[in-house]
Every structure is written in structure tokens, then in C-alpha cells.
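Next up: the structures, one after another.
Across the two complexes that follow, chain A remains constant while its partner is chain B and subsequently chain C.
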Partner chain A sequence: MNKRRPYVRSMDGWWKKNPFFVEYMIHEGTALFVAAYAGILLFGLLRLAQGEAAWNAWLSAMKNPWYIGFQVLALIALTYHTYTWFKIMPRTMPPVVVGGQRLSAWAITGSGLAVAAAACLGLLALVWGMAR
Partner chain B sequence: MKPTLKRSNAPIFWALFGAGGMLSALLGPMLVFITGLAVPLGWLLPPDTMSYPRMLAFAQNFIGKGFIFAIIALFLWHAAHRIFHSLHDIGIHAGTAAKLLCYGSAMVGTLLAAYALLVIGF
Partner chain C sequence: MSESQKTIEIEVLRYHPEKDKEPHKQVFEVPFTDDMSVLQGVQYIKDYLDGSLSFRWSCRMAICGSCGMMINGEPSLSCQTFLRDFYPARVRVEALSHFPIERDLVVNIEGFIEKLESIQPYIIPKEPRTLAQGEYLQTPEQLNAYEQFSSCINCLLCYAACPQFGLNPSFIGPAATALLHRYNVDSRDGGKAERMELVNSEEGVFNCTAVGYCSEVCPKQVDPANAVNQNKTNSAADYFLRFLTPKGGAK
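Moving on to the complex of A and B:
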């Protein structure tokens, strides 16, 4: 053992001291909801493979208030993920040059969010059309 | 000096992270709304939207199979990569064990989804 015991500054909760890092931790944290939601879907898929009774049990489990509560939180988290994904996009993609001018960050974020809104509405319309 | 440079496997994980991040950014909120709120609570959509015959037909269809597989697998890989890289930020050493746990669970989930989709048949 080292007898010196040098002072090491604690890093606990380092991100709570700066709003920029609080936001960073929240948007990284959306991954927990993405994982949990994918897990619920995976479980549903496995139940579907087991037949009608198993599938119906999964469907009625989804009506459980705990699940509904989770889904409300997941909806908020995934919507926030969508927002931050496109907000960060100007810094995560290579620069796009249109007509000799670099495409502005706002244009990239704005068009990303517009495409996401269209994709969501398109999905709802598709499901509604198939289920009708 | 090494005679040949070892190729990094990072681009594979990053590509899966990016693909899953994009897919969940585009469709995630509406998927949660449909499967988690609208259907269980009987809002907006017909009550038999996710009934057994409908979901079975969807999962047996090639496009439906591909969609279900892409959603589950890519969401898992996206989340696994992001959680793995956030471990350091919350003071957990992101070593080989953590890497195996994160990417390993995404791999297990992917294989389970593939297995279920094969059992459901064509």
C-alpha cells in the first residue's frame, strides 16, 4: 500500500456544477429510455412468437398504470432525444456547402426536425391506414 | 513498430449508434405514442390495431419483419453505445467488462429478436 495518501479531488457530481453538462447528462440519459423501450418491444415480440394467448397477455400488461407511466416518461425522453439529436447534428456531420456558403447550423437542425415531424406523422397515418 | 496497423472496430459500433440514433430520432416519439399510449388506452386508433392476427401478419411480412428487427436491434445498439461512453462520466471505469456487458446485451437482444422473427415464420 502507498503510505502517502495524496489528496485526490472528488469528481462526484461534477456535471451538476455547470448547466451545459447537466443538459449533456440528460440528453445522454435518454439512452436509458431507448434501451428500456426496445426491451419492452423485444419482450412483446417474443410473446408474439409464443402465440395468441401470450401476445394478448403482453397487450393487457401494457395497460398497467406503471407501464403507462413509463411510456409517458419515454415519450418525453425520446422527444427530447429527437430535439438534441438534430441540435447536435451541425457538429456531428461533415460541413455541407451549398452555393459556396456553408449551410448554417440552424438550417441543418431545422430541416432535421421538420423531417422527424413528417416521419412521425407519416408513421401515424400509415398505422391508421393499415388498421382501419 | 508494428508491421501492420491493427484496424479499429470503433467505426462499426459508431455506425450502429448513428443508425439507431437517427431511427429513434425520426420515429421514436411516435412509436412510443402508438404502442405505449394510443393502443393500450384506446385513443385515436381502432381497438384492434395491435390485435394478434394483425401483428402476426405484420411480423410475417418481409417489410414488417425488417422494420421490427431494425427498430429493436438498432435502438439497442444505439443505447448500448451511448450508455457505455457515459460510464466514465458517472465515475465507472469503462473497461473490457463494461464493454462486454453493454455491447453484449445489445447482441443478445439482437439475436433474440432474430430468433423470434424466425419462429414467427414467413
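Moving on to the complex of A and C:
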């Protein structure tokens, strides 16, 4: 008779068993804020298409302290999401060879973050310029 | 007291398939010196405290890939993890996560061996050469393309680090994909179309959600997460290019 009886351990609560997995769940969780914020912006666009009154109603709704609070929370979540997104990027893309040398992980993460920061500041300057 | 009489507690997850319903913890008091690895601690238990303790090991120098264990919850090679780094606290030693426990610290790796066979881990020559034609030549750049992925020692720490493999054991997983990639990007190899069928399959690379822990725990800096994620791109290209040049499918 076969005396083997391999024991399969449960995966219940797997993400709580290692700090790395907890962090993974947090940075994946921040994606929900990205989706929620995109939803709010899309809804704004819809209200804009419906005319001036609808647009102004949306704008005043945005001044609600709950909305402002959510935006602050979303900003923090999005910033963290951006950081972790570029942090994992060197692992997810093909090797980049510059002048015969493979680009280091930090060079990839750093340039990703720099481009994201430049894009944010550029957009902010553009909107600021249009609003004046 | 001389230093050689320092002792450390090692908590081992025991499982005897003929006696135990489920694994249980057992704590051993092990004398140690600062140069002792966790593997040596476990060997001390087997030699002097309980001869029934089962575990795998061979080279003691991070080359054979046999002695992988969960040490304080982290997939590690026990031969290059040192007891002094935990002293005076207790060290927790368990069988590699996500694999069925055969007995004590020994896991069942049959699933991985099948996956390893399935990726055809050898060069399938693009064009057969006769002896008279001489050896296959390769430039340093062509070597660089795959060298890192050829360092895999099949220690399976990456599988113990991969929750997606834990949730779906049929996922081909980090190491097998890294080795698959190693041969696919070798300039001498012509087996890519066959191996891409595995990459594209239900068991293939899209089980990966880029947790990235596999590459963190790899003792050989293979970066299996990179191999898996590069093949998501390759798989997508394969999918869209088939409309232009019909070939292979998915298993």
C-alpha cells in the first residue's frame, strides 16, 4: 500500500502571511482610487456635454467637503500607486540596452517617475494658464 | 561559558504522513556557533536530537538548490541563511510554501518536474550542423540576452514566493518560465514556436499578476518575474501577429 499522503496547506489569508504580500495588496488596492477618480472625471465630462447649468451643478458639487476629502485621499493613493507602478516596471519590461550597457533598474524607475512628475506639472501649468 | 555553548531554539514544522493528520510544530534547543547555517542547525537536530527529521540538502554552498525552506516565513536556501542573524530569538523553519508536504521539510516537486520537461529545456537547433561545420558561434551580446536566466538552480524558492502558483498549482510558474525564456532568446535555438504554445496557454504567463516577490527571493538573481512579464508581451504579439502570419496556437 502507498504510504504517501502529501499534505496540501490552505491558502486562506495568504496575503496576510508576508509583509511583501500585504504591501502588494495595498498597492493593488490603490488602483481602485485610480478607477474611482477616472469615473468622477468622466462624469464631469458628461455633465459638461449636457450644458452650462449641468456643468455648474457638477462644479458646485465638487466643492462639497466630502468630495474634497476624497480628492485628497485619492491624490495620496494615486501618488503611491504611481511610485509602486514605476518601481515594478524594470521587472516587467524587456531589457533596455544603452551604449552596450543594460540600463539599471533604478534608472528605469527614476526616469518613469521623472516623466510622470513632468507630465503632472505640465498639465497643471496648462490648466493654470487656461484658467487665468 | 565559551561561545560554542550558545543555544538557539529552532521551531520545525513536522509532518509524518503515516502518523499525523496535519503538520504540527516542534521546538528544538540547538547549540550553535556564529558560523552555523540554518541547514547545519537542522542537521544537528537530525544527528543528535531526532533522527526521524526529514529534509533535503546536498552541496551546502547555494549551488544545488536542494535545501530551500521557509525560514521565519521567507523562502530561503537554508545553507546560506545563518542562525546568528536570528539569535537570541527563535527560528521558525517550515517546508516550502505552496507545495504539498511529503514529510517534515520535504515537499512534493513532481508538478515542477513535469513543467520543466514540458518547456523543453535544451537547445532545439535552428539548423542542424555537422561536426565538419564546427561549433555554433555566439557574440557577447547574444550571450547577454539569456545568460542571467541560465543561472536558475531549480531551488523553487520563487514558487514558494508566488501566491498565484499557490492559488493555481497548474500555473507554469516563475522558474520554468525563466528557463523557457532562456532557450527562446538563445540565438542558436529554433524551438520558440513550440514553447510559445505553453506561454499562451491557460497555464501560461497570464496567471502572473506582477507580485514580484519571486525575483526578490531568487538566490541567483535570475529575475524570473522579468522573464514572465516579457513573455506577456511576446504572447500578446504572438496573438496579434497570427492574423498576419498564421502559425501555432495555445495548448
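Heads up, the rule we're going with is that the second predicted complex is superposed on the first by the 120 of 132 C-alpha atoms of A that agree within 3 Å, B and C clash if a C-alpha of one lies under 4 Å from a C-alpha of the other, contacts with A are read in each partner's own complex, and residues count from 1 in each chain.
We adopt the following convention: contacts are C-beta pairs under 8 Å (C-beta built on N, C-alpha and C of every residue); 3 or more make two chains touch, one makes a residue touch a chain.
Source: prediction; values computed, not measured.
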Exercise for the section: Scan A:Arg4 for contacts with chain B and chain C and give back first, second, both or neither. Expected result: second
Practice task
Check whether A:Lys16 is in contact with chain B, with chain C, with both or with neither, and answer first, second, both or neither.
Solution key: neither
Handout entry: Touch count on chain A, higher of chain B and chain C
Key = B
Exercise for the section: Give one of first, second, both or neither to describe whether A:Ala116 is in contact with chain B, with chain C, with both, or with none. Expected result: first
Exercise for the section: For A:Pro94, select first, second, both or neither according to whether it touches chain B, chain C, the two together, or no partner. Expected result: second
Practice task
Report for A:Val34: first if it touches chain B alone, second if chain C alone, otherwise both or neither.
Solution key: first
Problem - Intersection of chain A interface sets (partners chain B, chain C) - result: 11, 15, 28
Problem - Touching residues on chain A, where the partner in the complex is chain B - result: 11-12, 15, 25, 28-29, 31-32, 34-35, 37-42, 44-46, 48-49, 52, 55-56, 59, 62-63, 67-68, 70-72, 74-75, 78-79, 81-82, 85-86, 112, 115-116, 119-121, 123-124, 127-128, 130-132
Completion exercise
Within their complex, chain C touches chain A through residues 15, 17-18, 22-23, 73-74, 97-98, 100-102, 108, 141, 144, 163, 166-167, 209-213, 215-216, 223, 225-226, 229-230, 232-233
Exercise for the section: Spell out the residues on chain B that touch chain A in their complex, using ranges where they run on. Expected result: 20-22, 24-37, 39-41, 44-46, 48-50, 52, 54-56, 59, 68, 71-72, 75-76, 78-80, 82-83, 85-86, 89, 91, 109, 112-113, 115-117, 119-120
Practice task
Please name which positions on chain A make contact with chain C in the complex.
Solution key: 3-9, 11, 14-15, 17-18, 20-21, 24, 28, 88, 90-95, 100, 102
